[in-house]
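Pasting the structures here.
Two complexes are shown next, each including subunit A; its partner changes from subunit B in the first to subunit C in the second.
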Partner chain A sequence: MSYLNIDDILAEEQKLSCKFLYNAYNLGQLEEGSADTDIEKGTKIDLPYWLAYVLAKKGLVSAEMPTPYQQDFKDKLIADPNVISMRSHQYYDKIGTMLSSFFSDRSLNLLLFRVFRDRFLKIYNQSLNLRETDITKIVGNMTRLERNIFENGYRSSIDYDKWRNRKGEKIERNPNIIFPVASRSSSVNNSINSNNINSSSTQSSSSSTQSSQPKKDTVLKKRKRIFDDES
Partner chain B sequence: MFTKSAIELVKEIRQTDSIPHYNDTNIKLAINEINVLYEELLQVLMANGNEKSQPYYLSNSMTYFSVIYRDKRCVLAYLNERLKRIKEYRWSSGNGLLPDQLKEKLSQDEIQFFSDYDKNLTDYNIKVGLDLTVDPQPPKDLYVEVRVIKELGQVVLNSGATVTLNLNTTHFLKRSDVSNLISQGSLEHIV
Partner chain C sequence: MEENIGLTPNQIEFLAEDTIITIVPNFKMESLIFLSGEYGPFIPSFPVKVPLWLAVSLKKKKKCNIVPPEWMSFDYLEQQYIQENRVTDGFVDLPDNFIEISTMLLSSCPEDINDVNKIRSLIEDILNRRQSKLNNSLMNHLQSLKDNEPISTMEFKNFSMMEINRVRSSFVSGINHLYKIQSLDNNDNNSNNNNNNINRTQSNSQTASRSIYSNTINFSK
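Let's look at the complex of A and B:
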């Protein structure tokens, strides 16, 4: 768990169905579509994990396991972990481990481990062998954790191929650089500026010689004319 | 609903790997929510001196406190992730220039951060005597063959040499001179 981790924050948004054990002052806005200012004892509301955790620790609400961690969904997972789409449960494993310690449910931890182990083998294989196929659909069915593993494997298999074909040395275009190409002259100037400071000094000297070039020419022509006239 | 604007910020930055537009409105909404809830929380605690640990008031103050804390965490995580990406941009682009397309996505403070960060890194590079953003892997050859894919005209290189880079011509040049131009997409490395 890290305070600034984006995935941790999003994982904790998982909704839990909570029952209020006492009347609660001025919390009516937690309940959607209710006009009351207070919450009455016994009201059931879906609260995000981070809030349910705090309130349940103080014994103010009683929380229930969310649906994807109840027996129905678990049975499906046990039957064949590989065919279940995690599209709507992006943080199934992450929030699952939090929930298993929250509800002190050790069996959930074991189940998550088994499911992850079974799915991992397939994901690992796919990441190394699925080249030049459309992977968006496959990736969409994974949880965040699995997707990270897949992307790492996928990238390393591309790097390996590059190395084997002796392309590793090649300097690639960096897609991160958004380069302003408004006009030709400005792009040249920018690229020179970006190179370093030395070049700008040499550039100014070269441009001064360039500008002096036509002047010289006209001077030479004038002299020539004078010579011609004299002759 | 509590923390709506704050969590939107986090979702927004998760959706993309690049730097999204600085979401000023949502940050202000989140800060506003913090301030409003803080006032209310203070009022409840002051008004109910003896009863504040009763479940009726406790659930209220606990909720408000968690929401304030959560809002703060979301906004900080959002800003932190953006700074991380801005730093990454400085390293991968290899120069201290902010293109206009990127500049308009950053807040004033972030632009300031970028230029300060750039200054620090440049100072360090000068002191060490080595540009750390160039060649993270040791090169095999000092010279590379390149093809021009964007018309550049006459260009003065780092080493002081002048070359005319016309479209579709190939050149054999010093690697350190052209690696920047290749990563910008003006030249193509031929292997």
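Let's look at the complex of A and C:
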């Protein structure tokens, strides 16, 4: 858990349904679509974890477990951890550990442990053995943390294979490097030109006759000059 | 999380290139003086000991023949392979920098090695066998974990740097997360109500110090 880690920051955006235990003055803006400046006692509002955490620790609100951590979804997960797609729960494991200590929910901890262990074994195996297959779908069903693990393993085993096949001797372009500005602008120009060509070809034939007109003129002029010289 | 833990295979190869190996030069030259020592003098058809990197670069210029190390023979490797299959929960002790040296020699001087093709496929077999053994033992270890049981130290002997490096980054980061979940669990049991923030930061520092411990999957050698 570090202060500037972008994954930690995004993980803490998980919404928790919170009930205010007191009247909260001048906090009306937290409630969507309400014109009041104050929040009345007993109102339920979805607050992000980082805010709910602070308020709940001070005893100002009471928080509820968010839906992905309630029994329904937990049952599905534990039935077979490997088939559930985590596409819409990108930080399930990360925020899960925070929530389990926040609510002192030991069963959630156990569940997270089992689920992550099973998923991790599969991911670990895949990262070492998948080669030349489309991984976008597999990676899409992982949480952010799992994806990091997968990419680490995938990269290191690709490096290893490359080295074994003696492909490391060729110097390659670093894919992460940003192109110099000049070449980028020229590529933009090229694309503009090609756009123009495309658009002109789709236009009516009149434009094409116009563009061929100046060519004819220069050819005629040249001929005239040659004729003049001879004479 | 973007940083890649460990070295690249090419860096490990670089380390292995300092191994001393025997060559038979076919040119005449005075001895070369490097920081690591003096190599030579080079007299045609007199064996001389040089670092592997020098041997490979001379070989590329067709200035020498490399004498492969003793373990690079079919008999020895076959023995190792049989051993490797026999031992189920450990690994056979292979020569230092086995993978690096054998890969380099097989690619740079295949004509200097007897039974090249047999050796090549045998080495491939040994490596695959070891890799699958490692994966199996890692998996068995994790699957046999009870829910409250802390992740214990795993010990793998006779494992080369290249093999560790291949699995390290993904495996360690996964184990670290498992450890984090577990240590949170233990902290909750220890401190009944960690109501204030001070308690929370303390528990965080504890997880940090413990997660370092989980890095000690003992790969030796």
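In the analysis below, the second predicted complex is superposed on the first by the 175 of 231 C-alpha atoms of A that agree within 3 Å, B and C clash if a C-alpha of one lies under 4 Å from a C-alpha of the other, contacts with A are read in each partner's own complex, and residues count from 1 in each chain.
The definition used in the following text is that a residue touches a chain if its C-beta (ideal position, glycine included) is under 8 Å from a C-beta of that chain, and two chains touch if they have at least 3 such contacts.
Keep in mind that this is a model prediction, so the values were computed, not measured.
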In the superposition, subunit B vs subunit C on subunit A residues touched: B
Which of subunit B and subunit C A:Glu172 touches, first, second, both or neither: first
Which of subunit B and subunit C A:Tyr3 touches, first, second, both or neither: first
Touched partner set for A:Asn82, first subunit B, second subunit C, both or neither: neither
Which superposed partner A:Thr37 touches (first subunit B, second subunit C, both, neither): neither
Touched partner set for A:Arg114, first subunit B, second subunit C, both or neither: second
Partner chain(s) touched by A:Gln70 [first = subunit B, second = subunit C, both, neither]: neither
Intersection of the subunit A residues that touch subunit B with those that touch subunit C: 7, 166
Sites on subunit C touched by subunit A in the complex: 1, 4-6, 8-10, 13, 103, 107, 131, 135, 138-139, 142-143, 145, 147, 162, 165-171, 173-174, 177-178, 180-182, 184-185, 187-189, 194-197, 203-204
Contact set on subunit A toward subunit B in their complex: 3-7, 9-10, 13, 20-27, 29-30, 32, 39, 50-51, 54-55, 58, 60-61, 166-167, 169-174, 176-181, 184, 187-188, 190-196, 198-199, 202-203, 206
Subunit A partner contacts - residues on subunit B that touch it in the complex: 1-2, 7, 10-11, 13-14, 18, 40, 44, 55-60, 62-63, 66-67, 70, 73-74, 76-77, 80-81, 88-89, 92-95, 97, 99-102, 139-141, 144, 150-158, 160, 162, 175, 177, 179-186, 188-189, 191
Subunit A - residues contacting subunit C, complex: 1, 7, 57, 93, 97, 100-101, 104, 106, 109-110, 112-114, 116-117, 120-121, 123-125, 127-128, 145, 148-150, 152-157, 159-160, 162-164, 166, 168
